[in-house]
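I've put the structures underneath this note.
Paired with chain B in one complex and with chain C in the other, chain A is shared by the two complexes that follow.
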Partner chain A sequence: MTSPLLKVKDLSLGVKTSNHLLQLTDRVSFDIGEGEMVALVGESGCGKSITAMAIAGLLPDPNGVKIEGEVVFEGKDLWKGNPKDWQNLRASRLSMIFQEPSSALNPLMPVSSQMAEIFTLKGRPVDMQHLRRSLDEVGIPDPDRVLKSYPHELSGGMLQRVMIAMALLLSPKLIIADEPTTALDVTVQAQVMEILTKLQKDIGTAILLITHNLGLVAQYANALNVMYAGRIVERANTRDFLAKPLHPYSHGLLKALPRLDGTPLEAIPGSVPSPDKFSDGCRFAERCTHRKEACSQPPPWKVRSGNEDGGYACILEGER
Partner chain B sequence: MILEARNVHCHYEIRGGLLGRRKGAVHAVNGVSLQLNDGEALGIVGESGCGKSTLGRALVGLEPLQKGEVILQGEALNINHRHEEGKSARRNLQMIFQDPVTSLNPRLTIFETLSEPMLVHHLCTKTNARDRVAELLKKVELGSDLMDRYPHAFSGGQRQRISIARALSLNPKVLICDEVVSALDVSVQTQILQLLQKLKKEEGMSLIFISHDLAVVRQLCERLMVLYLGGVVEQGPSQEIFSSPRHPYTQALLDAIPSLDPNHPPKLLKGERPSAEELPLGCSFRGRCDLADETCLNTPNLKSSNHGWACHHPLTPVKRS
Partner chain C sequence: MRVSELTRRRWQNFRSLPRAYISLILLIISFLASLASPLWINDKPLIFSWKSEIYTPIFNYYPDEEFGGKFKTEANYRKLFENHKFLENVSWSIFPIIAHDPLEQNLTGEEPPPHAPSQSHLLGTDTHGRDVLARLIYGYRNGMSFSLLLTLITGTLAIVIGGVQGYLGGKVDFLTQRFIEVWSSLPFLYVVIAIGSFMGRGFTMLLIVMSIFSWIGLSYYMRGEFLKLKNQNYVLACRVAGISNRRIFFNHILPNALTPLVTFIPFAIIGGITSLTALDFLGFGLNPPTPSWGELLAIGLDNRFAPWISISTVMALFFALLLTAFVGEGVREAFDPKGGKN
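For the complex of A and B:
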């Protein structure tokens, strides 16, 4: 494989609190190739959103955050470069879609000014025709009305489409979509995901999909990384994963998912540990039915047989 | 039948302008009737803005009814917050809310939160309150050593368990759960669903389970009611609705859910939901339905049978193989 579009290598993020350092993620690594959709899956507090923020260079205060590892985008290590470069990169090469469209947009500006701002910041003339076209592309029926509207005048589904249109305005190579449909109804979710995959195919934009919804992953993503308590516990292409999840947590997640056919649920006992209780050993051990003594040691990374891109962090062998 | 609602309407006036004149009304719930049998779980599903939460709140008397009535154990519900007479109704109908963070008082310990309703209703005395609270916590699978802590010390799933314990403290006949698992992670969600399942069985309670997540409702409820724009479009035994929906909207809702099988991609529903301020004439789903024609300009009636639907062109039933 040639060098991927985005390469995250051993990314560890810590937040400095008043008296100690809270380690939120631990050596997170994954790649995204051109035009791929890769998912980062996990429950709240597993570190998926902060990883996304780190890739986009949006961590609130660089002084309060400790960062180790590399984020290499198009061959450049972003954290080693000048922060100014990052700003140039955002919107034109890399952009982000957030979970809550109503709070991600400025309530005091009409949609047209917010979209035009992207051109202004890049020092380009505002092209209203371009704005209209981009809204049209994401399936907004009446672009002129939407351009004049304020965010409160539009529905959640419409706002998320505006967000996608904004993210795509300068045809970026990578879009980071952080729970893009969580705040939306299922029927609207299907519409929004359809738009994203269409753009992925048409423009060749790669998408990092951050979600807790395994259904979305199964339907749309090429590959996925399962995160638990700050670590990636399993990586696989979607087909392999659905056929045979290897990590006990992945297994549990799939079993705990309510199905439409009414298959009885199996709960995972216990709850996700908070970052101040993260251990060196396997962090899933206390909820795991396969726990052994060796689980107090850091789990080894094992490669999936038959597909070397995949793997999982557990002492268990693949058979279960 | 333990709880019945007849032709419930909830409308909200919109006022505006200098003189605060009436500009219109939001029709949140339009003539919904429902029956809940003893020990049964009824699921109310629909997308945001369909009126499912308003209906739930109206059932417990938290929203005023413009029209219609709610009947609990054969008597019209009278939730009067000042009088003794409404007391039994308040006791027998309990509600659990979506957000376990905002629905618990942050300044009360768990013991205070759980014992207050029992003291008000004379279900315990100050001397045996701690034992009763310990019992309740055991029912929701929490340790009794936690009762002197404040809500902030608990995780989302634990707080939802405390909310359930509070609702159970009065031994209600009917429990109304409004999106109780949507704020929780998948692994915790399952735990809470299993707890509700267990309580329903052991306590013989009837449940009304309001949710936007059809798969979750499927786990818990024997009967199902699908709402669209404040009206019932389909109702019946959940198994039947899931295997063979008759209303096109129910089908569209089911088709939109991303399944784990990549060979069955979600299907798209065209258009946007109309605003509840200007309800469309005739069938409310008309504008988004592929089957719609002139007959749909007449409002379809909900068939009042075990499995009923409000549609002029119902889908053909799927034969079971």
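For the complex of A and C:
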């Protein structure tokens, strides 16, 4: 197997509070290959976004955060070496799309100058033709008007498209899309995802899709990682996962999706524990219908039969 | 520079409040006029022709010898224009509207100063025989310039210090905050007296001393804005794109953080005028005989039998502060997202 584009290995993030260390994620590992769309799925508060922030180098204060493990991007470890170098590396090879398109653009600058800033940054002349073309590519009908507009004059769907166009200006190798469609209407969601997949295929950009929407994952992602309370509890490619989820949590997530055949929705009782209540044992145990005595021990990682890349962290053998 | 939609709307909101708009215009005109006051308040003639030559004493220096006097010092035009021999050769002359210098002492009358308002002194004179109107206008010029400069320096310091605190956060923020707490507990008046006693009390000195204390209040607002804005998505987006800290600070956060500053400016100006007046009143402000409202107030208080001094000064102070407060109200209105007619 060739080395993946992005390799996250045993990434543990902790926040220093006044008296102790709050462990937010626990040995998170996953890979993204060139041109793949990999999803990171989980409920709110399970550590998806902070993992993404860590990869993008956006952790609020480097002194207040404890980082262990490694993030290897194109064969280079992002924590080692000069911070300036990572920043340059990230700037040209990695882009990020945010959840709230309305707050992701500077409200006091017209779209064109914000897009142009990326060129000036690279010391290249501003190419308005290029800007227009890139807006055209993300399906914006009249690029000239949009370029002249201020962010508040555009709709959420438009803004998200502008964000995608901006993210693509430098043809990055990896785009981190942090809940790119959560703030949008369902119809616009589909359009935005179509644009993303189209670009993924055309340009060969890999996408890390962070979402809590399994519907999107099922439709667009190649593979997914299910996160729960700071840990990855299951990893699988999308087809396997939909056919046979192995972890009880994944099972619950799928059951909580609305279906056309009228089966009543089943919610998972309870909610994600807060980080100060994370235990060493299986963190899902409290809400799990298959809870056993052994669940108070750290759950073993089991490889999915038939696909070495997949696996799950549970004492159950997959029978339910 | 393109004016953004928002700025235009705010300007319209501001104009929709007539008293704010009118106040702003009045303040600007009066300040510009006061800056030009040597042209229209002066004891020298603006221009005159003597022995068919044109003289402009306000712009040029002419020694007494030039007009047949004995001295190399500047001619005393008031005496010259009372001299018949001199006047015979003057074909025409234009005097400023108010023909008094704020420092010129009129001790010629029958009675000792202060003189009550009369045709030559519209608002009377003070205890030294100096024209009150001329001193009021020059005092306005000093006070307003002082206050505007103070606001400019204060605003800049507040942006830089508060902004850096908010933007960097962490240790820098913590240490600066503690420093500010210690700094702000220094008694301002004592420092002014102490520094004034050995460095002199000039305009610049006072400006520096007041600047190093008055940025603190505003820096809290700037710190808060920067703390809030640095975690906005567009700032994060800039950081992912590798935009430099300086550029993020000045181009992306600062323009968005200016609202409290702009709203604060009129009130900072009011504060500047009042504190300078108060210092002058107490005698710790500008060195006499610099014209100042505080000094006039003090003279007025000591000479209650000459009410024209205190009444005119209080009225001037009242209107200057009222107009500035109206502008402040308009600015607040313009920046209120809920208010306005648009």
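Convention: the second predicted complex is superposed on the first by the 317 of 320 C-alpha atoms of A that agree within 3 Å, B and C clash if a C-alpha of one lies under 4 Å from a C-alpha of the other, contacts with A are read in each partner's own complex, and residues count from 1 in each chain.
By our rule, a contact is a pair of C-beta atoms (placed from the backbone, for glycine too) under 8 Å apart; a residue touches a chain by one contact, two chains touch by 3 or more.
Everything numeric here is computed off the predicted structure, so don't read it as measured data.
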- Message: According to the stated criteria, A:108 is in contact with first (chain B), second (chain C), both, or neither; which is it?
- Response: second
- Message: Tell me the contact category for A:155 with respect to chain B and chain C: first, second, both or neither.
- Response: first
- Between chain B (first) and chain C (second), which, if any, makes contact with A:190: first, second, both or neither? first
- Message: Looking at A:202, would you say it contacts chain B, chain C, both, or neither? Reply first, second, both or neither.
- Response: neither
- Query: Is the number of chain A residues in contact higher for chain B or for chain C?
  - Reply: B
- Task: Go through the superposed model and pick first if A:308 touches only chain B, second if only chain C, both, or neither.
- Result: neither
- Query: Which of the two partners, first being chain B and second being chain C, lies in contact with A:58: first, second, both, or neither?
  - Reply: second
- Task: Provide the residue numbers of chain A that touch chain B in the complex, in ascending order.
- Result: 43-44, 155-158, 185-191, 193-194, 212-216, 218-220, 238-239, 242, 252-254, 256-262, 264-269, 271-272
- Per the touch rule, the chain B residues reaching chain A in their complex are 47-48, 155, 157-158, 185-191, 193-194, 212-216, 218-219, 239, 242, 252-254, 256-262, 265-269, 272-273
- Footprint of chain A on chain C - complex, ascending: 2, 4-6, 169-171, 231-234, 236-237, 239-243, 251-252, 255-256
- Of chain A, residues touching chain C in the complex: 56-58, 60-61, 63-64, 87-88, 90-92, 94-96, 98-100, 103-110, 117-118, 121, 150, 152-153, 163, 166
